[in-house]
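Two complexes, one shared chain (chain A), two partners (chain B, chain C).
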Partner chain A sequence: MVAAGLNLRLTGWKACATDGERNMATLNPEELSPPVAEMKPAVVDINAEEVRKELLGKYPTKVARKRAKQIVVNEIGPDGAVPEIAVNVRTIPGIISQRGCTYAGCKGVVLGPTRDIVNLTHGPIGCGFYSWLTRRNQTKPRGPEDHNFMTYCFSTDMQEEQIVFGGEKKLKQAVQEAYDLFHPKAIGIFATCPVGLIGDDVHAVAREMKEKLGDCNVFAFSCEGYKGVSQSAGHHIANNGIFTHVVGLDNTVKEGKFKINLLGEYNIGGDAFEIERLFEECGFTLISTFSGNSSYEYFANSHTADLNLIMCHRSINYVAEMMETKFGIPWIKINFIGAEATAKSLRKIAKFFDDPELIARVEEVIAREMPAVEKVREEVKARCAGKRAMLFVGGSRAHHYQELFREIGMETIAAGYEFAHRDDYEGRRVLPSIKVDADSRNIEELHVEPDPERYRPRLTEAGVARMKEAGIELSEYEGMMAEMCSGALVIDDISQFETEKLIEIYRPDIIGAGIKEKYTIQKSGVPMKQLHSYDSGGPYAAFKGAINFYREIDRMVNNKVWKYLKAPWQEHPELAAKYVWE
Partner chain B sequence: MKDHNAPYTSTTNACKLCKPLGACLAFRGIEGAIPFLHGSQGCATYMRRYIISHFREPMDIASSSLGEKQAVYGGGPNLKQGLKNVQSKYGARLIGVATTCLTETIGDDVPLLVREFRREMAGGNGHEDLPALVTVSTPSFSGTHMEGFQAAIKSVVEQMAAGGPATEAVNLLPGFVSPADIRYLKEVLADFDLTGIILPDISETLDGPAQDDYEKIPAGGTPLKDIRAMGRARATIELGRTLFPQETAGRFLENRFGVPWRPLGVPIGLRETDRFFQVLEELAGCATPPRHDLERGRLLDAMVDGHKYVFGKKAVVYGEEDLVVGLTAFLSEIGVRPVLCASGGHSGNFGEAIAAVTQDLLAEPPLVREGMDFYEIAEEVEALAPDLLIGHSKGYHLARKWGAPLIRVGFPIHDRFGGQRILHLGYRGAQSILDRIINAILEKKQQDSPVGYGYL
Partner chain C sequence: MLLRHTPKEITERSALTINPAKTCQPIGAMYAALGIHSCLPHSHGSQGCYAYHRSTLTRHYKEPVMAATSSFTEGASVFGGQANLIQAINNIFTVYEPEVIAVHTTCLSETIGDDIPQIIAKARDEGKIPPGRHVIHANTPSYVGSHVTGFANMVKGMVDYLAQSNGHKESRVNIIPGYVEPGDMEEIKRLAGELGVPHIMFPDTSNVLNGPQTGRYHMFPPGGVTVEELTRTGSSMGTVALGTLASGPAARALDTKCKVPCEILDLPIGLQATDIFIDTLRQIAGVTVPESINIERGRLLDVITDMHQYFFGRKVALAGDPDQLISLTQFLVDIDMWPIHIVTGTPGKKFEKKILEITKDVPHPVNVKSGGDMFLLHQWLRSDPVDLLMGNTYLKYIARDEDIPLVRFGFPILDRIGHSYFPTVGYRGGLRLLEKILDALMDRQDRDAPEESFELVM
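Here is the complex of A and B:
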């Protein structure tokens, strides 16, 4: 354990060449950290390689060998190459992980935020109950006649009788019942662990009920929890299902010049509302979001858009690729987390459409929004610069939120995803070299072909060339590591144990993770921000979201509560001056 | 399981959680224990996140992380590897292994696997210092989180308690109550000068202090040596009327070790608490200490003072069966008319228990329904037109729709702060619930008033 009040210097750390400011913020922590009253902090060198060895040293040989490939020290090569990391492999039994299951990724993450599909969990009660609006997705029905089932939790509540004799009959009755009670446009069936084991054919039930009901689309997802290594498998299954059963059902071409879909945005804490406001002001027409503030009808019509924007690459890239193959819609990676990232993304979209009026309008919007952001940013940065963050979350958030921290002068010294794949870390350039293992193979890869009637490549060859010239990379994602500093630790599927070790060694100023980690981290005296469900905050996306986030982080890292952990009369009074920010 | 009269096949907006969650909660109240779920890792993750959102405390649950291969070939190797890792990485002194619907469906014989594990570990691998291992069968397709909770307590006692020379200790099996409730029970026992063994004891493990250094396994919980000594105690007080006809941990201790079993209702409200204190007086051989007498007196005084606000109000009470029984007993005492007592649980003893605590107080018995979900409760509410709802956070939508105040009690509470510190038990708990009910009624009255009177 590193002693209190020490100034921790990172050795072997190379700030990214592109950012002089970051260089300063990270290389001279002594100058930038607020002075510690009446203490002369000794400088302790921390080398990421050494830390890595220490983390691995505590494991039995077999576990250590496996984890060694999942814990790497970032190193940006001259050609931009980054080290290889082993990811998307099974969690070791008994090692308490952040990861969820396939069902959680499918029902909870991707389909959960859609308001007007009745999401019916086929299984015992727990799975449905635990995914009952717990992600804080928000939605805004267009009027009182609009369905909103997001506050509902539908389950077949399987009992022993169904486990023994089969659950299809009960499932059919439940579908019929949901139809009779609510008359939804669509019903999605989600299989939980026992369903696959007893052999219920959820797809056959869906087909039968769809035919029987006539005006209600019924489709099923084989998203049993034991499939795949994490919720990532569930994302893939959800993508396949929504693409097969919903996308392309409604060919109505909507008004609007610049038609886009936003993929991998889930409207947590109202993020989507903020992004939608910007789209409208810029003059983009949003056809559908997958799936924040979305509706079944938007999905059905989404193939009429001309550009797909990907926020969370991990959870939704499959739909983008399939839409490109089938309908000819190109996709680009964007990011609305961070004010600068938002401006950059808006400009990228405008450049794609290459319309002078649109480009001017986007610039206007950015110019209008930025002063308020800058004002708060400067104020907050004065108090936060030089502080350090660690992010262990999601399949894209650990990457995106680094932007926001950087904007207020905070460097991310260690990061990792919970359920990402190598392309999310190292960039899509490694896709051809990813080995498909048994766990990935059991998730169906759909064979998609261009639609005979509706395939319409939105970009001609000249258009593609123009994109290249304009620096817009189509179907490309560089991954998280390319944007992290050399010397930063990258850890996939971090365990509780490793988190505790990192806190001991680095004493970070804040950690971003999920609710399961929150109180463990805070009990160690380190503030923790929930980046899945945003604690009770948000929105954090786009410009207004950035302001919210700066303020929130300021409140957290400069909070004085930690110094009261020990009362004055308790022993070791010097511990009262333990933390660097005091 | 649905009520036999329920018109619906599916469960819409459930009023129950799944069985292994209850087992995890129970194990968390044992010193040095880590709950372990044998199944897919999603179960551990979901239950952790749910329990954490109520208690706002760390809640570790390990998992054997079964994949498709293990679902086909059996989860034994994963279970053993997981147990080994929990032992070495977390230093658990007890690992409570609960099954899930996955492993129950494929039929893994967990007690056998654990016996094998013990044998293998005893083979001189430097693992002689094995933690205590307790197994419990908790298939989610049979019963609710409360059955899981009680099953885990029963398993712990069955697999750990031993006989021997009698001690002065009194076993207290409180059921699933809040950390504040457990702290209260400890205080009462101490005031009676009784040595209590409370199982489980979540008073610190799920409501711990802020610390300088994180403890992998939080301090507190029922000490293992105390659990082992439960077979030698003077008596077992077991709380929960719906448990009475069942095979419980308390009944087991009586049958196996001859420890007298004193089943009681959960002490919520005046009379159920009186019964509890009466038993304590008997066991302690002394009168109720004055400060509890005073608390009782103040509660009665408040009941008289507050009567004008609550009399005749109609209430819907929902949640875990024994909690509802206790609350209903109390509501009847203060003049509130419980019109519907609903639970997602299905013990078969709910109606009888409600009748037992209300019969001489209510002119009209409430509607008592087992196996209910919130869709069905909402339908009943239409006809009953209640003035208030009492239960956990999942009733919020109904309360909002109906425009009635919701007094939050029990678990889960994730739309208010401090759920882990709600005191339900004893004269003090009743006092606090009474204050909250009356204030909710007054607040509603002010809100609904077109004038806005400030003197009520």
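Here is the complex of A and C:
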């Protein structure tokens, strides 16, 4: 293990010259991990290519061959091209991975944060139990009468009898009981692993019960855990379901000039509240969020918006694409993680609507919010600059959070997603070249056509040209790698073994990952921030969120506890003596 | 209100579980397997299960929880998971090098009908299991029983695969601690040590799931029962199994397999159950109970005497697992509290009978249900309110809505620490429980007291 206090010099590392702020990446060894006073600073060279070899060294040949394609050293080409990475492929049995399952992506991530749908898990008790309130999605009902089922867990608690004789009867009865008790607007049925195998037709049950109940929309998701290679399949299934069964049900046109939907924001730790506040101050009308702090009714009405904003590209881009095809709503990628990114995103939206008053108001809001951000940023940066982060998480956060670290002078030296696709790494430009394998083919691609009555392209041809001129890229996402430095490690679906190795070699100052990784990392003496659920804090989105995050990282990387790891007698064992007082 | 849709009137439900008071078998099996030294639990199914089990255990312990998975995809689900499991075994032994892999099934592999012993045999034939290493397994179909059943099945798996009789009866007692916390296991060992009874405890998650911060991570921490010890359980003089549901099957299996007789006792939570545990160990090993234990017992009695006025007649609602609830209910009755609503998600009619027996002298109607859920518990206490709630973290939603103090007890506890360090078993554990109960009740009294009767001395 490399002792703390050594200067680790990253060889082969190239600063990315995207902006001035980034130049700190020309790492000055003196600035890195400030050497412990009594230790002589030494410089250890670390070369990402060498590290990559070391990560692969212990694997059986077949595994090493596969992982070799999933671990790449970033290299920004002259045209902005980045190396190809193998992702969204099967997890290797026995290689401890961060990933979860399709059900988790569907019920847990996408539909979980919606408060007024009764989310009924059809299966044995476990899956429903584990996804009950554990993700820290917050929601705020509009009043005491508003429905909120997020605090409840509904399950058919399948027993052996249903496994043998089928579970449709019990499922129907459960839907009936849920209806009788709560009279919800909608009931969503989520299939877990055994359901597909025993042949229960959850969709038929949903259709039958919807018909029978009359005033309750019942729909089902075939999101059995084995359906895809990760949560990602579940996102897609959820997107399809919500689009087919809910989006477009309510044509009421709401008041408001600049109507938007926010896609891929899940209100962890109150992020959505902070973003909603900002939207209101800027004068945007938020029709629906998918799905933080959301309601069934918002989804139903979401096709009346004029612009879709995509936050987490991985989990929700399908809905955006389908809404564009069916209703003519364009989408842009935005990011509210990071103060700069937030300002940039707000400006982009304002520019899209091209309204001078709106543009002015957005500038006002930014000008009002930024001083507080700057003040804290400067203060925190003084203590954090030069420190290094590694982020292995999710399908968008490993990218977005690099912004926040960068703002306080910390560089992300290695990053990767848990369940993303190549477009999330390399940018959508590679979409045409992505090979669809058998696992992805399993997931239905909906065939969507323009709606005969409601298709209304929000942008004319001239509008599209204007966007181009204004530098607003429609339906575009650059991916994570384009914004990382050359020489940084990019690792998809990182394993426990690789995580431990990286810690040993790089001794990063902080790692962002998920709950399962949390304590293995902290037990190694490295602070760890959960970037799915944030551990306990938040919001981290937008301006106030950035302030919270700067302070949180400052607290973590400068935590005094790390100084106490050794007891006095472990540091100076030689002082042992027998009852000598003198 | 957080649980704004829970009506007071109880309607019959035959298909819908709301707010479960149990979870699925594999998580219990995973927890048990972590109590073997140098063991990697392995979930044979799709990776969601293991991700959920690891996450929940991690949130409960705030400790690393290591396990692997067969990562089924659609193909494996159709053709069976043999190839996945063999590949996993090979990868695990090559990369992570545990001494033992403890495989448990999931509802997926159970529904498919994978034959795990046959797959393990095949892995062995193919040389995928290095010499001196072990692969054990337990069937843990999630559509039967609960997490407690899964724990019991994995502990039985340890016996089935590893216990061996060497033909002698060695003066030593096996202790199966039940589905309790690492700190509880530590306390049970301490008590046996205090009594001077040589013992092997299995499983043993102490020093695995309550490990120290040292700045160095060990995938396989120093704690856990070793394979060698597990082998020797077959030659012990007898087994004391704590908790009928969680420990009974393994104890009986050991009797059948190696002719090691067993005593199956209630979990030593509270005065009476601890008395029985200590007395049983004393008689089996033929030792005298040392004064130190008498002092511990006396202290517990002392607090019950001194604070009886705060316990007497206070109504309690409980949710949790059967083994725990049986002992806890007995303890509450012993200190003259009134446990009046008791629910477990784990099915089994014996539980209801036993609770009704324990509470027969409580001067108040008692509701009890096995295979119930917290929605029902909430409905009960809306009609017949209580002074105290005891159970896992999920009860905090009821506690807040109904403004009832909550003592966290059981699994999972996701929002407080302490359960992995400080025991609730034994006399000291009893003392801790009383402290918690008193803190909750007396804080409430302080909060609600009118200014004129707000008391300094209580």
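By definition in this document, the second predicted complex is superposed on the first by the 560 of 582 C-alpha atoms of A that agree within 3 Å, B and C clash if a C-alpha of one lies under 4 Å from a C-alpha of the other, contacts with A are read in each partner's own complex, and residues count from 1 in each chain.
Going forward, contacts are C-beta pairs under 8 Å (C-beta built on N, C-alpha and C of every residue); 3 or more make two chains touch, one makes a residue touch a chain.
All figures in this text were calculated on a predicted structure; none of them were measured in a lab.
After superposition onto chain A, the modelled positions of chain B and chain C overlap sterically. After overlaying the two complexes on the shared chain, residue contacts for A:95 are found with chain B and with chain C alike. When the shared chain is aligned, no partner comes close enough to touch A:270: not chain B, not chain C. In the overlay built on the shared chain, the residue A:416 is in contact with neither chain B nor chain C.
By the document's definition of touching, both partners, chain B and chain C, reach A:162.
In the superposed model, A:148 lies in contact with chain C only, and not with chain B.
When the shared chain is aligned, chain C comes close enough to touch A:180, but chain B does not. In the superposition on the C-alpha atoms of chain A, the part of chain A touched by chain B in one complex and by chain C in the other spans residues 1, 58, 60, 63, 90-104, 120, 123-132, 134, 151-160, 162-163, 170, 173-174, 177-178, 181, 192-194, 196-198, 225-229, 438-439, 442, 496-497, 500, 503, 514-516, 518-520, 522-525, 565-566. Interface residues of chain C, counted against chain A in their complex, comprise 1-5, 7, 11, 13-20, 22-27, 42, 45-49, 51-56, 58-59, 62-77, 84-85, 87-92, 94-96, 106-108, 110-112, 141-144, 146, 211, 213-219, 345, 375, 394, 397, 414.
The touching residues of chain A, counted against chain C in their complex, run 1, 58-60, 63, 90-104, 120, 123-134, 144, 147-149, 151-160, 162-163, 170-174, 176-178, 180-182, 192-194, 196-198, 224-230, 438-439, 442, 495-497, 500, 503, 514-516, 518-525, 561-562, 565-566.
Only residues 1, 58, 60, 63, 90-104, 120, 123-132, 134, 151-160, 162-163, 170, 173-174, 177-178, 181, 192-194, 196-198, 225-229, 231, 438-439, 442, 496-497, 500, 503, 514-516, 518-520, 522-525, 565-566, 575, 578 of chain A touch chain B when the two sit together in their complex.
Of all residues in chain B, only 1-2, 8-14, 16-21, 36, 39-50, 52-53, 56-71, 78-79, 81-86, 88-90, 100-102, 104-106, 139-142, 144, 208, 210-216, 344, 397 touch chain A in the complex they form.
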